[in-house]
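Once you scroll down, you'll see the structures, which are given as structure tokens.
Shared between the two complexes below is chain A, which has chain B as its partner in the first and chain C in the second.
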Partner chain A sequence: MATDDLATQLAPRAGANILAVEPFQGLTARVRFRPEGALDVFRAVHDDLGYDHLSMVGAIDWVDHREVFYIVWSDVTKQYLGLSADLTGDAPHIESATPVWPSANWHEREAWELVGVAFDHHPDMRHLLMPDDYAFHPLLRSFKLHEPEELEVKSRSV
Partner chain B sequence: MWVNMGPQHPMTHGLWNLRVKIDGELIVDVDPEVGYLHRGIEKISEDRHYNEIITLMDRCCYVAGIAWEHVYIGAAENALHITAPERAQWLRVMCDELQRLASHIMWYAAFVQDLGLMSPFLYGMRDRDLILDLFQSFTGGRLTYEYNRVGGVRNDVPSGFTDRCRKVMDWLMDRFVEYDRLCLGSEIFRRRCDGLGVLKAKECVDLGVTGPMLRSAGVARDLRKDRPYAVYDRVEFDVAKADAADVTARYLVRMEEMRQSVRIVRQTLDWLDHHPGPVLADHLPRWLGAPYAPMGNEGYLLKRNFPRGTGFAAVEEPHGEAQAYVVNTGGEHPYRTKFRSPVFVNLSAAKHYMIGYRVADIPPIMGSVDICVGEVDR
Partner chain C sequence: MSSPAPAVASPVPPKSAAPLLETEIPLVNGPAVPYVEIETLRAREFIPQAKEALSSLLREQMEGKLLRPVFNWAGRNSLFPLHWGLACCAIEFAAAFGARWDAERFGVVPRSSPRQCDLLIVNGTVTWKVAHKLITLYEQMPEPKWVIAMGNCATGGGPFRTAYSVVPGVDKLVPVDIYIAGCPPRPEALLDGILQLEELIRRRGE
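What follows is the complex of A and B.
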């Protein structure tokens, strides 16, 4: 029921980019969308549905592809909504959500440095938690915890 | 000129660096630099059993360990389709609120000390110890508790606990009056805090700021009320709120929250007195650490197939909205965990509540944000 309503509300501005609206444990629903139309979907969710608060952005390495997910909150419905996009290819990338939700800034920096997903047109893409010259993406499945990589970390420039 | 305030600086409680660009005494730009305490909790979780991650959660935020356990446990139970018994839910609510008291008192002690007032620090630490004693009496730990379990909590509270807890609550209510007299009655305190670090409601929402910072800007948003989890829909309390959006407003919000927490704890104690029952769900598989699996049934329990799924949970932690996202692809370890730390987001907005103030204003402003580096870096 709720998922149908969401799909109808999203249709005018982002209908072509929505792949599915599915029920999700702990959330109102999860909207799966095409990464190419990310900004349209963000705008529709923010302006038309009223989800004005971005709670988090995360990425998952599924080995054959990567997934980016967003959790947004609306003060009107008092509900969380999930958004998710599958990124394929050797250099997975998606449009940054910062023009719509400024709070995406640090979340996207973290998702890039840990999972290696690039966010196009991000205003301030730098390392956040890892050292500036850290060359790995530690949350990739290929990064094994028990086989430490050889690395030499220079001190941070200040 | 860029000045590094940190990683070792009396203003930074924990290991992080606030880079400040100053023009004379005026702050013209800030760039918080975090990561000094990054332990890779999300990565380590990939190799751990569901119950072993609870240990990491305690270390995620070292002043609100049990609240973070609740965040993770909520998502893990969703992902594994397990429900905790009612009594365990009430115990979790009691723990959350006791933790909120301990965390806010710790904040009070550190914040007021940043302003140069030493005696409130000692009063705060004295009163927080009483709550840690309570925790110790039923979890065995004072800082890292490992009390929650997937499917409930580890053990019940000992006999006589509720009476002891009530005494502490009565004691604390009297102390809050003293706290206020020490701070709000002090001309020096007011002049150092009023009108500083203002972050209005619209900006708060855009920047994702939550918790006491958001409520101090006049937005009465509290997950315990808006989206009740555990048994928060069965306890009575008011959402603390202030309008000035400055450092003093955040102080007022946290003080009122402590009073409301005492109110909630008292209600949970009354309920716990009259409703004995199990605190851990039955029929948990052996790998979830079920201590009383009936003999001969282990094989069945091991083979029992848990449905796959992804769990999401959000909890109003002392610092704001904490969330966990746990991906379960079947098996004993989660495939991926992701944690949303409220302080991480509140700190990322630093540019918006620091620029335009003076260097001497940094300790009160940063103190009012209540930064816990453990959960910023995770």
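What follows is the complex of A and C.
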């Protein structure tokens, strides 16, 4: 099975941080891992499995926790792999993937400003889509739609 | 070697002993002087004052009645909009300058530098991220300048009015002269808006 092979290959370097390797629609598999050992998992996936391109980083606000997911692409096997980690707590944070895949830079900036997930040791954490003094994480489910005038006062940067 | 001091011509003519008026303008009991000469002397006093009064009057009148219509006529027949596309309205904006609608027959020529423009056509959704760039472009345009809010997004935010990132109407940023409804408005609507702006400019200052 592909998932078993993946788990075996990941075991030497990141075995302790792997929670599950499960089939997922559209991907080779989805690897669920602990956010504490994120960098080990990234390095194992990049070096040992050969997934050399990070296609996207995203974050989801489930109401009780937030999930960060990564979709990586192997130019050798021409396959996608999903990585996902559940973040709990009031200030969810995870290690940045930029040391392994530099293309994570802008994706993590976007995930931070829209969903409010902090990426530790990110080289350039600024707003990407919003004005620099924007005070909200607007894709959180707790974010209520403002009246235009109210939002204007709060977010106006000009 | 001593040179003689140059003779300096005195700008002030030496005063005559008697005052000017008493000698030049004849009094009742004085000697007879031709009437034309009296009028000439009086005019010499009157002309500078009249010139001063007339020029200030002409300046006001000319600005209001003569020069302003000339400038309005020139300005409204050579509107240069800024070539700045924001969203799908920019496609209609571009079509208005194509062969079929040909806005150039009204003297409307899009320019790429705000320094050369007097018309800002906001064609598309303005987000808060781009808001200060729009204001910078508007401030870089020379006076007199006008703004057309093209389409529902620029007019009032459009379908994104309650979105977290969209300016609900570009008139919160710059003064708008003409609003064009539509999503997007057709090129005919843009041309109609430009013609109405020309009518607005024609009445300016009256």
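One rule holds in what follows: the second predicted complex is superposed on the first by the 145 of 158 C-alpha atoms of A that agree within 3 Å, B and C clash if a C-alpha of one lies under 4 Å from a C-alpha of the other, contacts with A are read in each partner's own complex, and residues count from 1 in each chain.
Here is the rule we use: contacts are C-beta pairs under 8 Å (C-beta built on N, C-alpha and C of every residue); 3 or more make two chains touch, one makes a residue touch a chain.
As the structure is a prediction and not an experimental result, all values here were calculated from the model.
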Look at A:Gly89 in the shared chain and tell me whether it touches chain B only, chain C only, both, or neither; answer first, second, both or neither.
neither
Partner contacting more residues of chain A (chain B vs chain C)
B
Touching A:Phe136 in the superposition: chain B (first), chain C (second), both, neither?
second
Let me test your reading of the model: by the given contact rule, A:Pro12 touches which partner, first (chain B), second (chain C), both or neither?
neither
In the superposed arrangement, which partner chain does A:Leu145 touch: chain B (first), chain C (second), both, or neither?
both
Can A:Leu54 be said to touch chain B (first), chain C (second), both, or neither?
first
Where on chain A do the contacts with chain B and the contacts with chain C coincide?
129-131, 138, 143, 145-146, 156, 158
Please output the residues of chain C touching chain A within their complex, sorted ascending.
128-129, 131-132, 135, 157, 161-162, 164-165, 167-169, 172-173
Taking the touch rule as given, give the residues of chain A at its contact with chain B in the complex, in rising order.
24-27, 52-56, 58, 60-61, 69, 71, 75, 78-80, 82, 101-103, 105-107, 114, 127-131, 138-139, 143, 145-146, 156, 158
Under the stated contact criterion, what part of chain B meets chain A in this complex?
2, 4, 19, 33-35, 38, 40, 42-44, 46-47, 74-75, 78-79, 205-209, 219, 221, 226-227, 309-314, 321, 323, 325, 327, 335-336, 338, 340, 344-345, 348-349, 377
Over in the complex, which chain A residues touch chain C? Could you list them?
129-131, 134, 136, 138, 143, 145-149, 151-152, 155-158
